[in-house]
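Note that chain A is present in both complexes that follow, paired respectively with chain B and with chain C.
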Partner chain A sequence: MAEIALKSLAHSYLDAPGSPQDYAIREMDHVWHQGGAYALLGPSGCGKSTLLNIISGLLEPTRGDVLFDGERVNALPPEARNIAQVFQFPVIYDTMTVYDNLAFPLRNVKTPAARVHERVMEVAEVLELTPQLKRKAKNLTADEKQKVSMGRGLVRDDVSAILFDEPLTVIDPQLKWKLRRKLKEIHQRFEITMVYVTHDQLEASTFADKIAVMYEGQVVQFGTPRELFETPNHTFVGYFIGSPGMNFLEITLRDDRVRVGDSALEVEEGMRRAIEAAPSANVKLGIRPEFIEVHEAPVAGGIEASVEHIQDLGTYAIVDLRLGDTSLKARVEEDQSPPTGRAYLRFPAARLGLYVDEYRVEIDHDESP
Partner chain B sequence: MSLILENIDRLVGGETYINDVSLELQPGSFNALLGRTLSGKTSLMRLMAGLDAPTRGRVWMNGEDVTGRSVRKRNVSMVYQQFINYPNLSVYDNIASPLRLARVKRREIDRRVREIAEMLHIAPFLDRLPLELSGGQQQRTAMGRALVKDADIILFDEPLVNLDYKLREEFRDELRAVFAERNCIAVYATTEPAEALALGGNSAVLHEGRLVQYGRTEEVYHRPRTILSAEMFSEPPINIIDGCVSGTEVTFDSGWHFPLDDDLRALPAGEYRFGVRASHISLTPQAGDDIEMRMSVDLAEISGSETFLHVHNERVHLTVHLAGVHEFCVDAPVTLYVPTHKVYVFDREGAVVHIPSHLGGI
Partner chain C sequence: MTKVRNNHAWWLILPMLLLVAFSAIIPLMTVVNYSVQDVFDANTRFFTGTEWFREMLNDPALQAAVLRQFAFSLTVLAIEVPLGIGIALLMPKKGWQASAVLILVTMPLLIPWNVVGSIWQIFTRGDIGLMGWSLRELGYGYNITASPVDAWATIILMDVWHWTPLIALLCYSGLRSIPDAYYQAARIDRASQWSVFRYIQLPKLTNVLVIGVLLRFMHSFMIYAEPFVLTGGGPGSSTTFLSQSLTTMAIGQQDLGPSAAFSLIYFLIILLVSWVFYTAIMNMQKDKPDGGV
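After this line comes the complex of A and B, so read on.
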């Protein structure tokens, strides 16, 4: 059982790194608490595999510390870290039975036979592998093999954390959700720290209570699935989470009005003040397609946009809109008829985020009447 | 340019790959082939391309019988799942290669390669080798090669499968724009109903080598002719609940019942199968005719901006598709509402007998 802390950690694959771009992991601090279900989410090349390899001990970081329960483990090899890993492809011994596969990590450290039996039976029961225990591993289906891989991590008492690296890649789509449920059950039952590395928002949000989103070698947000959706902390999180992602509008202050291109936009007083106080010219408003109000006729506080395209997705539609030079997407439910030609948009104040130099800035909302 | 498949069978070693498919594709149309793995999508595309010949049936292009004509004598392009490029040629030369084979003049080649590269956002990489590019850019290069010659038919065999979901979203929007300006027939194989919907155009639903339904994409989605068509063209699959209609009400095996409304009154008494779309079930009552269902949560799958809720009671498992992020614990109780005016009804053989009136009725 362990808390995993990363302190002032940075890593470069270059011998003499200089600029921030030379780093696969830019200096960061992060804590995975004991017993948490976490995900590390990001596109390929964001540094998540590097970070995983540093935690597991396959890679020694250029700078900073990796602490397990406060103890520095930078130089410890993977086998000395009491960490189990489950990879994309099941790692099991094909010629052994399921039972022997599960027993292997325990027999390796000379665990008494009675204890081995007890643990194997317990883990097999949780994973619903009991009927397969006597079968040779090579005769199993892909999902059964991946369950055996997980089981080999779970049988050990001394495992402090399990790291998963895209573990459901080879699983049949129809079976994926059952394994996802199984993973959640395992987490609840064993109260073990789990870190799940993936590029897929569904894998991450379904498994984890908290997700670290990585972008260009940094964790740009560490939050619950709901926080990533409702209050993305960085424009990348807004873009990457959600299909389609968040809309961003570049804004300027001109003639005392907040403007998107030439159109003036009415915003709350708190938002206005925050925009005026922004220390940079890189100022954007962010709003999710789900939260834009789309009207067919002019409305108070509405901003006029042209309708470029309507994508009928069955029980809802995504409307492509254009506001000056900015493209926007809005979601319209099937009970509402989508507009044609022109549309009038409202951005509810509670759903509108302010981004300065790509990071979210908290604003004071007006008193609601 | 039109393409007609007429009663096509394709058998390989006694096994039926394609079973009596007839399909007529209009000039300038965009057509999704939707079906699970091994439903016959690739086999059908190979027949369209002339890579394989049908065991029975005829293929017509522009009114001409081309059944036995090989791929080399048909003007077709193909884009595959894997990013297939010439590894030792630059991106420019990769895209130019079909034009060079066709002995197009150098200046014309240059114009068309740059135009296509611009459209596919790979103009800055023309001097690079494919393997120096990201997966998305490699696939753009392969698409460039397919698009640069004026093919009569362009076939896409799940081209976005190996790309992450953000790139897939962007590609879909672009593809729609690219084909809006072309007069060729595009055929696009996919396993994902949402992809077929996003691309628009027409959809052909395939299952076990047979054509289940073909028509405008929204039409096929909203007005499935069979349970199979409805199940294949929905993700998560439409929920099917067995029940029976009496003179006054509908009773489901699972214990729910609701009075017959005007739409359903036309159904003769008997046993039916009812189809409820996952996205029509909600956490709050939507209308006066809702059925209330008390269920238990198996799992809430959250996909960034959407939640797929798997629930069950003693008799049925249902999947619910909710907008937004909704967190549920495993085994938590949940109350759900189904608007009865949005249900589909199928007979015991699976043929549709009722379509919700807001979608035009049967």
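After this line comes the complex of A and C, so read on.
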């Protein structure tokens, strides 16, 4: 059982890294608490797997510390770390039976046979592998194999965390949800810290209590699925989470008014002050497609946009809008008829986020909405 | 429902049948033809039935050659397979060293059989050969033309030198195809070096080893040029293997009937042993109906 902390961690695959681009992991701090179910979410190549391999000890970080319960483990090899890892492709020992596969990590440390038997039977029961115990692991289906590789982590009592590196990649879609539920069940039963790497936001949010979103070698936000959705910390989190992603409007301050292109936008006083105070020219407003109010007729405080395309998805429609040079997407529920030609948009103040240099800036909302 | 019965499609296999006939069946049938006849000249021949086969199977010289052949093939397999795996495990995995070692290892495979024989013939000479001379200088009376043990050891050494690279290359490619995740998982499972070999590397090498063992068995069972050049089958008949006995009989003595019968027996032995090898290895991978828990 352990808390895993990463302190000023950075890693580069190059011998002499120079610019930040040379780093697969840019300097970061992070803590995984004991017993949590976490997801590490990000696009391909953002450094998720690198981070996982650093935690399990397959890679030694270029800089910084990996701490297990406050103890520095940088120099410890994976076999000394009490960590289990499940890989993208199921790793099983072909010639062994399922039973021997599950018993393998225990036998390697000379566990008494009776204890091995007890643990293997228990884990097989949980993973629903009992009927397969006598079969050669080679002849199993992909999902059964993946359960076996997971089981090898679970049989050990000394395992403090299980790391999953996109474990459902090769599993059939209809079996994915079953395995995911199984994972959740196992997490509740064994109270093991689990870190689950994926690039699928649905997988991440169904599995994890808290999600760390990685982008260009850094964790840009660590929060619950709801936090990631409602208050993305970074424009990337906004784009990446949600379907479609968050809209970002580049804004300028001209003639004392906040403008998107040429259209003036009514904003709260707090927001206005924050925009005026922004130290950079890179200022954006972010709003989720779900929160944009779309009207067919002009409304007070509404901003005019042209409708480019409507994608009807049954229970709702996604409307592509154009506001000057900016494209927007808005979600219109089925009870409202989507606009044609022109539309008038309103951005509820509470749902509008301010982003300066891609990072979210907290603003004081006015008393009354 | 009426089904049109039309079997004309069978004609489509005719081209294939002709090809196989010319490449395999007809040449083999001429051998079968000779094996059941006693041929004196172009016009005089007698049908002998199974007589040649019985005679060959009861010939003590040929029985000895068969035993010698098995002893040779099994010995070289027993040495070359483990040695080849060992070399493959030690070969560097990347960089210029990998290429350099690959070229060095492949070298013996590129040398023609009778050249190999000549190289070793010179190499083992007591007067000018490096190995022969050195052994004599060290006080061992090495002589392949007089001592059957020396002749045997030299032929085995020569075959190991010539063909171990084949096993090593096959295994090397097999090892390269094992994904890193297997080694990583093994480290996390705290597997020993031996377990990694026993449960990851060796199982992943099964397929290439089946090919390697079959090739090496067939090859070594048909060995001809190298011992012929090196020892000429001697001293006595101590290194006379099957193909040399056959050549002597068919070409030297023009005994077409007996040598045809002998050829067929030879062919069947190779076929049988290869089948047994293959079936045995493939069976190892199946689920056992009552595997113990």
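Brief remarks follow.
Keep in mind that, in the parts below, the second predicted complex is superposed on the first by the 368 of 369 C-alpha atoms of A that agree within 3 Å, B and C clash if a C-alpha of one lies under 4 Å from a C-alpha of the other, contacts with A are read in each partner's own complex, and residues count from 1 in each chain.
Following the convention adopted for this analysis, contacts are C-beta pairs under 8 Å (C-beta built on N, C-alpha and C of every residue); 3 or more make two chains touch, one makes a residue touch a chain.
Everything numeric in this text was worked out from a predicted model, so none of it was measured.
Once chain A is used to superpose the two complexes, chain B occupies space next to chain C without a clash. Contacts of A:R180 after superposition: chain B is touched, whereas chain C is not reached. Of the two partner chains placed by the overlay, only chain B lies in contact with A:L202; chain C stays clear of it. Within the superposed three-chain model, A:Y93 lies in touch with chain C and out of touch with chain B [touch as defined at top]. By the touch criterion defined above, A:F222 reaches neither chain B nor chain C. Using the contact criterion defined above for the overlaid structures, shared-chain residue A:F190 touches neither chain B nor chain C, since it reaches no partner.
Taking every C-alpha atom of chain B against every C-alpha atom of chain C, the smallest gap after superposition is 13 Å. The contact surfaces that chain B and chain C form on chain A in the two complexes do not overlap at any residue. Taken together, the chain A residues at the contact with chain B in this complex read 43-44, 177, 180-181, 184-185, 188, 199-202, 205-206, 224-226, 228-230, 239-245, 288, 290, 309, 311-316, 320, 331, 333.
Only residues 53, 56, 58, 77-79, 83-85, 87-89, 91, 93-97, 99, 104-105, 108-109, 133-136, 138-139, 149, 152-153 of chain A touch chain C when the two sit together in their complex.
Considering their complex, residues 134-135, 164-166, 169, 173, 176, 193-194, 197-198, 200, 217-218, 221-222, 234, 277, 279-280, 298-306, 308, 310, 321, 323-325, 327, 330 of chain B touch chain A. The touching residues of chain C, when paired with chain A in their complex, are 179, 181-182, 184-185, 187-192, 195, 199-200, 202-204, 284-287, 290-293.
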